[in-house]
Amino acid sequence: MSAAIVPDHRGRYGDFGGKYVPETIMFALEELEKAFEEAMKNNDFKKLFQKELAVYSGRPTPLTLADRLSETNGGAKIYLKREDLNHTGAHKINNAIGQALLAVRMGKKKIIAETGAGQHGVAAATVAAKYGLSCKVYMGKEDIRRQALNVFRMKLLGAEVVEVTSGSQTLKDATNEAIRDWVASVEDTFYLIGSAVGPHPYPKMVKNFQQVIGLETMDQFSSESGGDLPDAVVACVGGGSNAIGMFAPFIEKEVPLYGVEAAGKGVETDKHAATLSKGSNGVIHGSLTKLLQTDEGQITEPYSISAGLDYPGIGPEHAYLHEKGRVKYEAVTDQESLDALKLLCLNEGILCALESAHAVAYSLKLAKTMDKDKTIVVCLSGRGDKDVHTLMEQAEGGITHE
Amino acid sequence: MSAAIVPDHRGRYGDFGGKYVPETIMFALEELEKAFEEAMKNNDFKKLFQKELAVYSGRPTPLTLADRLSETNGGAKIYLKREDLNHTGAHKINNAIGQALLAVRMGKKKIIAETGAGQHGVAAATVAAKYGLSCKVYMGKEDIRRQALNVFRMKLLGAEVVEVTSGSQTLKDATNEAIRDWVASVEDTFYLIGSAVGPHPYPKMVKNFQQVIGLETMDQFSSESGGDLPDAVVACVGGGSNAIGMFAPFIEKEVPLYGVEAAGKGVETDKHAATLSKGSNGVIHGSLTKLLQTDEGQITEPYSISAGLDYPGIGPEHAYLHEKGRVKYEAVTDQESLDALKLLCLNEGILCALESAHAVAYSLKLAKTMDKDKTIVVCLSGRGDKDVHTLMEQAEGGITHE
Amino acid sequence: MNKRWTDFKNSADYRFVPYIMAGDPCEDATIELSLALEECGAAALELGVPYSDPLADGPVIQRAGIRGLKQKMNLEKTIKLVSKLRERGLKIPVIIFTYYNLLLQLGENRFISLAEENGVDGILVPDLPFEESTYLKEMCSAHHLALISLVAPTTHKEKLHKLAKEAEGFLYCISSLGVTGIRNEFRDGLNDFLKAAKENAAVPVLVGFGLSNREQILQFEGTSDGFIVGSAIVKKIEAMEKELISDREEAVKEFKHFVESMLPVYSR
Amino acid sequence: MNKRWTDFKNSADYRFVPYIMAGDPCEDATIELSLALEECGAAALELGVPYSDPLADGPVIQRAGIRGLKQKMNLEKTIKLVSKLRERGLKIPVIIFTYYNLLLQLGENRFISLAEENGVDGILVPDLPFEESTYLKEMCSAHHLALISLVAPTTHKEKLHKLAKEAEGFLYCISSLGVTGIRNEFRDGLNDFLKAAKENAAVPVLVGFGLSNREQILQFEGTSDGFIVGSAIVKKIEAMEKELISDREEAVKEFKHFVESMLPVYSR
């Protein structure tokens, strides 16, 4: 497929994207866009970013062949891109480092961020500590209750965690609140968004900072295979940052790409977060994209066992890639992801994040439809330490195969 | 200093070391020694080990300059060797991979391991899953209670966690129990020891599998500095595996080395784990070394806020290096390590393990006595995610500077 | 421009434009409150539409939205409410204040025709900046609806000039950064900003965001043509929620009294 | 070799060597139990020393150690206890069973002189394998103490031959892998192992670890010169803990009855 260059100068991916924000912050988006484009042309900045990824976060992350898992499962060989080995335990840090370096370059001294389960909040607090920035993290009251450990971590890192009591008191509302803060503090504050969402230039910028995942994968797979490309690439999709980062260099190749959304208790129920499968066009957090909403346009509360996929929207580029048919988006249930997580544990000794387990679950299904000499690369976006409590509750609650 | 080659053929480091074990397992130690020495002469094995470290655990781990921390602290520049970025979050996995590969090479299908806080237990369960071995982990009843999350993780990884109710129901007793199991199952079972302790050849073998820490550090520091060595190297010491791995290549150089023990509530109290500062010669877990004991030879229960340093013995090579004066061993209190942990968090965005925080705390003191152009490398042996509960309890209990 | 806008423009008063949330605390109350506001001297009315994710609003208006949502108020019903206001004799311009997603789901074209049918005069979409509003602006123009433009102290000068020149109905000048809500202080440089707006605008220039008392309002008298009060009014409605349902007549009287007490004397 | 060992060696009996823990449940009880065991026909006595980390012992003997530790029993007191036993007329060889760390803290030389002074005949150190025992072995030899060697089914043949040849007092053949404790089954190949031991040993060859009843004991009659019973006896002592303190005379009677019931008839 020959793709138009996206986003266009208005931040559009076909119909999607754009900047649906109060006028107050329009200038900041322009300022950000300019600073970002400049930085991306600056070799020192690019080198600094690469260096920080290497010496601080431990990149490159390895590409691990999951041989016992592949064997047990049957079918194609599954490779894991080990974003779980990053500092703070997920791909989120790539983007956080990139944006923090940009904030420093722009002379901003304060950052704000939103967080759901706390993963991006921890990443933001981490880079704030690292680069000497003050940091405020918006987090829903309900999430603060559920994720006390991450809240404590953010505080240890010196961040202020602001309890959000508006709306459903979860990620979507924390994001609203972060935007509200930004509208008020925009002159000296950098808003560090945690996924490939939000108004232009955020989706583009986040992709840029996350594409290291795909670039490394391509190199590593190529050296391992003697120059080949994988036969499929799979990543989970919440806001879509790990997926877009992984897909980035593969989009223009002929490699089948799969984004995996959270089907929660099933896409036929009202407990899921399958934005592309079940959503419709709308505006959320500054961007026109697909989202879960009522007919009237009230945004609905999504559900997934994995907090990181529990988002009613999706990055606009995914909405675009979905519409163009370049990426297939599939949905995987809580139970399927739990099963995949356990299978991966037992066969490879890797406890992955519940988010990532959605990608693993789908790749297991996909692998079964493919020959043994075929290969799938899965983005293992994060580690599962953060999910052990949830898993224990599940085990106690005795979830059974439905 | 010109060192004798240690250990000698009897597994002696000067007076220390040896094999103080029941006759039943003497043959197994010989078998192990033979297999290990053979493997170490086998290039395929060595390559396989290196490859697994790279593609599975994500090595090399970076060497991160802690510039803000150094600045805040004043004095020498502090570098962190980032063992926290290993798969499963600590240096423990290096050794676990090495021993598991050796077990596979020896045709063993079962491994057993002891664990205190669960870190080595998780590492052992991890490699068991990865290489298709069955795994039993011995853990004190008291520790099982305190470390429910790690227990759950081991089970997820397919390991059987055996509750140890003997003695003080902690690490020392879990080790006794693991040895008891081994005595009974020695013919088909590999005992995967978690630190540089135990009867010969364990201390030698563990050092060998952990020396990758020091070797990488030396290379990395050299490229960073244009060929220099650091002016000091610091590591925490529980059983002593991360320290001995870090020190390994530096021992024969002129670099000052510092091992940091846990002073708990103070070496003048009876609540500490400062084996070298306060212990005397004795035999524990198969090895003659320094240990904490009564005049009569009853081994006493050590104390430290960090479970991984909470061991009444120490690897025999450390006892030897201490006696020879090649390494200085210092002790750092709970409170000093908590303060260092927080300072590192706030200045570098790195939440390290409480064990590692002991090394950080000492290096902060040391740095203050050194010029700004001097350098210290600290082994950041693990990440602190596992300690967040403890830190929260401390925060609630409101520990104050005594 | 319709007659209501012409009257609005030609007024010599220091224009008072209140904001209330449709359906807060119920549809009937909204009607009475709107009429009362006109009686208090309102020059135009902003009618908010309840939304799940009102990211330009502060806590007071967020809570009003939640009350409105409980009443199942929505964009279509809000528009239709305007025709009831007209039936009751309301003469001032009514502006629908809605987030863009609601508009998108209703459909921009359908909005335009409903607005025309029901006597709506304008629309304000806080999360639809100039850059994204080309289509809506054209449609509004074609159907004599005012798409109210917002400008902020952070708006670039050239953009401010352009927006001021093209503004319809009135130009909404955001008096302080941040979301809607009551403020104690206003920023320096606000006067320069308002001056630049007035120099370029062909329509009245109003200030809004955070005004809550007579003193603050008077502060802008020399530099603007009017003012918008939202949170301070909505807060009063919140405080009187029960009474507005159980004893509406009395409550509306008290409400009028409250509104009058905050207005400059000559606006009565 | 002293007379006690010569008698032990020359006995025609199938030798019964019991193990009890010093200080379990108290020092006086240990004395009475020792004498009772001799009366039951014990050919020698193993006296365990309580230790915090008894890694060769199973749960029964671990618990006995904890009881002994509570009584503040230690290595020195255990040795001195033997002289009390001699005063009371105990004639059989007494072997101190101690972990190496206790010995190390007391000092190997001090141990030797204390042992001589107090009528101890030998020492068994379960965690001091042949390879580490050179010094202790020399010292023991020089002072006519037997350092009891253990051999296991996993011991290499050549080592087994060597240990058997050099053994003093008796050769302790571990009947099953694992720690001390009661077993229900013994391993295959045990007979070959015992045969090899007997062929090479200059001293009686005894089996131990896990024997708990007459049937099991008889099983080794043809292949060994005696047997060691530990956990089964210690377990009985544990069950009678209270009585052994409050009503010792009666309790010791019952204990003797129990021991006799598990022994082969001709050993009485």
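For reference, chains read A, B, C and D in written order, and residue numbers begin at 1 within each chain.
Heads up, the rule we're going with is that a residue touches a chain if its C-beta (ideal position, glycine included) is under 8 Å from a C-beta of that chain, and two chains touch if they have at least 3 such contacts.
These numbers were taken from a predicted model, which means no experiment stands behind them.
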item	value
Common touching chains of chain D and chain B	none
Chains contacting each of chain A and chain B, listed by label	none
Whole-Å gap between the CA centroids of chain A and chain C	38
Computed distance of Cα centres, chain D from chain C, in Å	97
Centre-to-centre distance between chain D and chain A (centres being mean Cα positions), rounded to whole Å	67
Touching two or more other chains - residues of chain C	none
Interface hub residues of chain A, defined as touching at least two other chains	none
Overall pattern in which the protein chains touch one another (line/ring/star/complete/other)	line
Chains that touch, pairwise	A-B, A-C, B-D
Residue ranges of chain B touching chain D (in the complex, touch as defined)	10, 18-28, 30, 166-167, 172-173, 176, 179-180, 183-187, 280-286, 288, 293, 295-300
Residue numbers on chain B that touch chain A, as the complex places them	54-58, 61-65, 68, 82, 84-87, 89, 125-130, 132, 148-149, 152-153, 156-158, 342, 345-351, 385, 388-389, 391-392, 395
Touching residues on chain D, where the partner in the complex is chain B	51-59, 62, 69, 74-76, 99-106, 126-132, 150-156, 174, 177-179
